[in-house]
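As structure tokens, here come the structures.
Look for chain A in each of the two complexes below; its partner is chain B in the first and chain C in the second.
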Partner chain A sequence: MEGFLNQLPIGLSIGAVLLLIALGLTFTFGQMGVINMAHGEFIMAGAYTAFLLQDWAGRSAVLVALPVAFVVAGLMGLLLERSVVRFFYGRPLDTLLLTWGVSLVLQQLARDLFGAPNVQVLSPEWLQGAVGPLPYNRLFIMVLAVGSVVAIWAYMNRSAQGRRMQAVMQNRQLAATSGINTGRVDQRTFFIGSGLAGIAGVGLTLIGPVGPTLGTYYIVDAFLVVVAGGLGQLRGAVIAAVALGLLNSYAEFWTNASLAKVIVFAVIIAFLQFRPQGLFVLRSRALT
Partner chain B sequence: MRNLTWRAGAVAAVLVTALAACGGDPATTEGTTSGGGGNTIKVGLLHSLSGTMAISEVTVRDAELLAIEEINKAGGVLGKQLEPVVEDGASDWPTFAEKADKLISQDKVATVFGGWTSASRKAMLPVFEKRKALLWYPVQYEGLESSPYIFYTGATTNQQIIPGLDYLKEQGKTKLFLVGSDYVFPRTANKIIKAYAAANGMEILGEEYTPLGHTEYGTLTNKVVQAKPDAVFNTLNGDSNVAFFKQLKGAGVTAESMPVLSVSVAEEEVTGIGVDNIVGHPVAWNYYQTTDTPANTKFVEAFKAKYGANKVTSDPMEAGYNAVYLWAEAVKKAGSTDVEAVKKAAGGIALERPEGLVTIDGETQHMYKTARIGIIQPDGLIKEVWNSGEPIKPDPYLKTYPWAGGLAS
Partner chain C sequence: MLSVDGLEAGYGRARVLFGVSLAVTEGQLVCVMGRNGVGKTTLLNTIMGVLPATGGTVTFEGRDVTRLKPHERVKLGMGYVPQGHETFPQLSVLGNLLVTLEASGNPQSALDDALEVFPRLKPLLKRRAGFLSGGQQQQLAIARALVTKPKLLILDEPTEGIQPSIILEIEEAIERLHASGIAVLLVEQYLDLALRLADRYVILDAGQVVHAGTAADLQGEEARRLLAV
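Right after this comes the complex of A and B.
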């Protein structure tokens, strides 16, 4: 029984991890229709940022790294958008192939820069310990996820830039004719989406490996959340992440890790039969 | 006009010369390689230099290159220098088979040193058997195999897993929880562990597998903690170990409260996991960087001199390093690089290696190896706390263990 109860907070924390890795993708995939396979490598960039900052920030590098990783991964995203992705707007399948290539290049780059083995990122002393079944480092990730969601929500609904972003998301042509520089908005969206991946990367150093292939472990889960939640939908992503986290937690508790993955996939496939657009659908009058 | 014709003529002449040079090139290369004539002997190194396994396999290739360099400096083999041909298996099993075939039939290498995962070995096996070529496989594995065209320089189960269980039993750890990656090595290892436990009055409280590359261990940690075992037997492979140990530590499990014995975590992996997260836990291998033999002092020094002072040496690296020396010794004894001659000469060859005395068992083509249990130290190195006293005869099919009947089938 205790084991059963423990799975609830564990499920929520899995949900937080899913949310964190998927949040940025909600924007790049949701708003811009770019299937960004390099999203995982931006997560990796965030993790390596924490590793590099360790040299002078010591064990609290994780905190210092949050803003730095946001900017580093954001700039990488911006560079990707400016250099290649912008020529492929409206061709999602091509962006898939393209960004997958980019992700392989980035993985090899990381291998050349930092070596093939995983590197060590020590978690801060004040994150050692646990409340019940929930370690402090998982709590930290939950706080990080909630914080990111609140910040993004405020940005989208309370700032002029955010509202422009929503306008472009709902109806690109109309937004353009109303004088919004959609190209500029795209760049900003890509910057923020990729930056969020960087933050996720920093958080993941607490519980996962930090190596060149880190991104590949999370990219599929991230897409699952976005697809199940509905494209570009913040609340969809939140609900989908938490639901998948809990489903994962209990499915694995009752069966095993391999079967839990199968169950999660099966549930999502079944769900998409009924709601192919995901949990929430963006209603707009755009002719697409 | 005249000027123009002259120029055209000159260009044509250059083109013809260039073409001739190109055409001549392959012919000359062929001349030096055919039949292993010339002044070098080609040997193939086939490991994953990219993809998820690169993390481990690159270091084995480095150790093998070091051995080749050392042998060349000492005069080579049969008066010829060794020439490594390095290929990338790319963590993709069909690629291993394809590259193995290329090394054998195109590069005409005398032997291949390669592989890490059992999947890659199983993919290459039919290629080597069909081409009647030699593979030296440097990693501990699940046993139950003995191909006439493979030499296994890592441990088989009775040289690593069974000694690990002996150690746990000696420590009074009788209730075990088994955690492993979901593929052939952990599943076979756990079959053996369960048979051992049944015969030795030990209890298995749980058995869990996670997919390769799995990083979410919250649920599994909960299951382990709830089951309250004396110890965990860990056959996870690759990056999963990092996530597992980080999350286990997060849940408050320490080496004192619940030791986790690993068979796939060596010096190389400790840094990535974070010393903090794994300090005090036991591991089972045949070699540690700290193993106290004259050959090891030399090996560690040479490795650090070539690849950097912060590099560590580990069991699979040492087994790869040994493989090159053992093959070279067999070639010297046979007086030729001919596969059948080398195989015949290999049996009984005994060399003092960094891990101690290593003898090739001609019958199984596995090695006699000393089993060693070590504890991970705060500096990231591993200190030996137990060993088998003498090299253990390899028994890949566990024929000499009565409780293991029926496992091999």
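Right after this comes the complex of A and C.
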């Protein structure tokens, strides 16, 4: 029973990280049909941003890194979109190959810049300790994810830019002929989505070491969240991320790491057999 | 105001338009007619820039807009209501209008004016657009285009699949807009409606203009033959 309880914060915090990563993917995939494998490297960029800021900010690096990593990863995403991805709109499989290549280049770049071995980011003193079975650092990650979801929700539903983003996601051609600059909306979406990956990267420094392959470890799971939750669906992403995080950690707890992956994949495959469209879908008269 | 010269367009290797020319002058209502599959929607899509023109030019108020993006054409004053009463289904009715208003930079009064044209939408503002009936969606679609304060309104079969009483309302709205000085380019299958509204008409067949003239000419045998299925 105690083991069961101890596993809960681990599962939830992994779910929170997956959610942060999947938020960005679900919008770039859902809105633009881009399968961005380099998204994982934006996580890594966020984590290394926290690592670099340690020299200057010491143990509060994590806090300082949150806005900085958002901008750094966001700009990397914007650069990727402007330089290559925009020539591949409407060809999802090609974007998969393209961004996978970019991802490999970025990993090698990180190896050259920071070395192949993992590095450590020291977490602030005030994040050490725990309430019951819940360590503060994992709690911090959950708060981060909840905060991001609320912020994204407010952005989408309460701001003019967010409304434009929804319009493009729901009917791109109609948005264009209604006078919306869809290219600019795409850029903004890519910036925000990539920035969230950077924030996820900072969060990850609290629970593990930072290395060049940090992103690859999470990207596949994040895509599973996107597909299982339904494209472009905030609710779906939240539920799927938490479920996947918990499933992952409990499967690992009761079996072992590699068998756990088998179980997770089996569950997802079975789920998609019954609901290939994911948990939630856009449904309306206009789309049926 | 709008002049289309030798416009060519198509989908990949399948060409649809073979040099279409037409003109809409200030405040005029021009009706494009023709059987299914002759290229009416393709023509409008090319005029709006949704499809790239492979040849010919589109000129709006003396400016060559052939290579402009759709949203840039909207900025210049071309309003487009595509076929099939399209909306942003997950946004509310108000959201649909607001998102267009914000993109256009027009003042709130533009939205109020658009609602005056279709007062039926007023009690539905909070409703999701995707759950409206087809007729309501079409009224919303036209209202959304009006929010951009167009000088030229381009309508693709606004009465398609809509109950007769709503068709009447839409027809009246188009008539009033036309009377207020907005130029209209209308694709319409109902000959009666076209006869009532149009100043001039153009009949397309196989991607070319085969007949053009004033509304009076449309009564002739030739026009009826070209429109018959």
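Rule of thumb we're sticking to: the second predicted complex is superposed on the first by the 280 of 288 C-alpha atoms of A that agree within 3 Å, B and C clash if a C-alpha of one lies under 4 Å from a C-alpha of the other, contacts with A are read in each partner's own complex, and residues count from 1 in each chain.
The criterion applied here is as follows: a contact is a pair of C-beta atoms (placed from the backbone, for glycine too) under 8 Å apart; a residue touches a chain by one contact, two chains touch by 3 or more.
Keep in mind the model is a prediction, meaning the values are calculated, not measured.
Trainee: Thinking of the overlay built on chain A, is A:A116 touched by chain B (first), by chain C (second), by both, or by neither?
Mentor: first
Trainee: When both complexes are superposed, which of chain B and chain C contacts more residues belonging to chain A?
Mentor: B
Trainee: Could you say whether A:A160 touches chain B, chain C, both of them, or neither, answering first, second, both or neither?
Mentor: second
Trainee: Contacts for A:T216 in the overlay, against chain B (first) and chain C (second): which applies, first, second, both or neither?
Mentor: In the superposition, A:T216 contacts chain B only.
Trainee: Between chain B (first) and chain C (second), which does A:N171 come into contact with in this model arrangement: first, second, both, or neither?
Mentor: Second partner only, chain C.
Trainee: Considering only the touch criterion stated at the top, classify A:S148 as touching first (chain B), second (chain C), both, or neither.
Mentor: Once the two structures are laid over each other on A, A:S148 reaches no partner at all.
Trainee: In the complex of these two chains, what residues of chain B are touching chain A?
Mentor: 50-52, 54-56, 58-59, 182, 208-211, 213-216, 218-220, 222-223, 225-226, 239, 242-243, 246-247, 249-252, 268-269, 271-276
Trainee: For chain C, which residues are in contact with chain A within the complex?
Mentor: For chain C paired with chain A, touching residues are 48, 50, 69-71, 74-75, 80, 82, 85-91, 95, 98-100, 102-104, 128-132, 134, 137, 144-145, 148.
Trainee: Tell me, which parts of chain A touch chain B in their complex?
Mentor: The touching residues are 2-3, 6-7, 10, 13-14, 17, 108, 111, 116-123, 128-130, 133, 135-138, 206-214, 216-218, 248-249, 252-253, 256-258, 260-261.
Trainee: Can you name the residues of chain A that touch chain C in the complex?
Mentor: So the residues of chain A in touch with chain C come to 160, 163-164, 166-167, 170-171, 173-183, 282-287.
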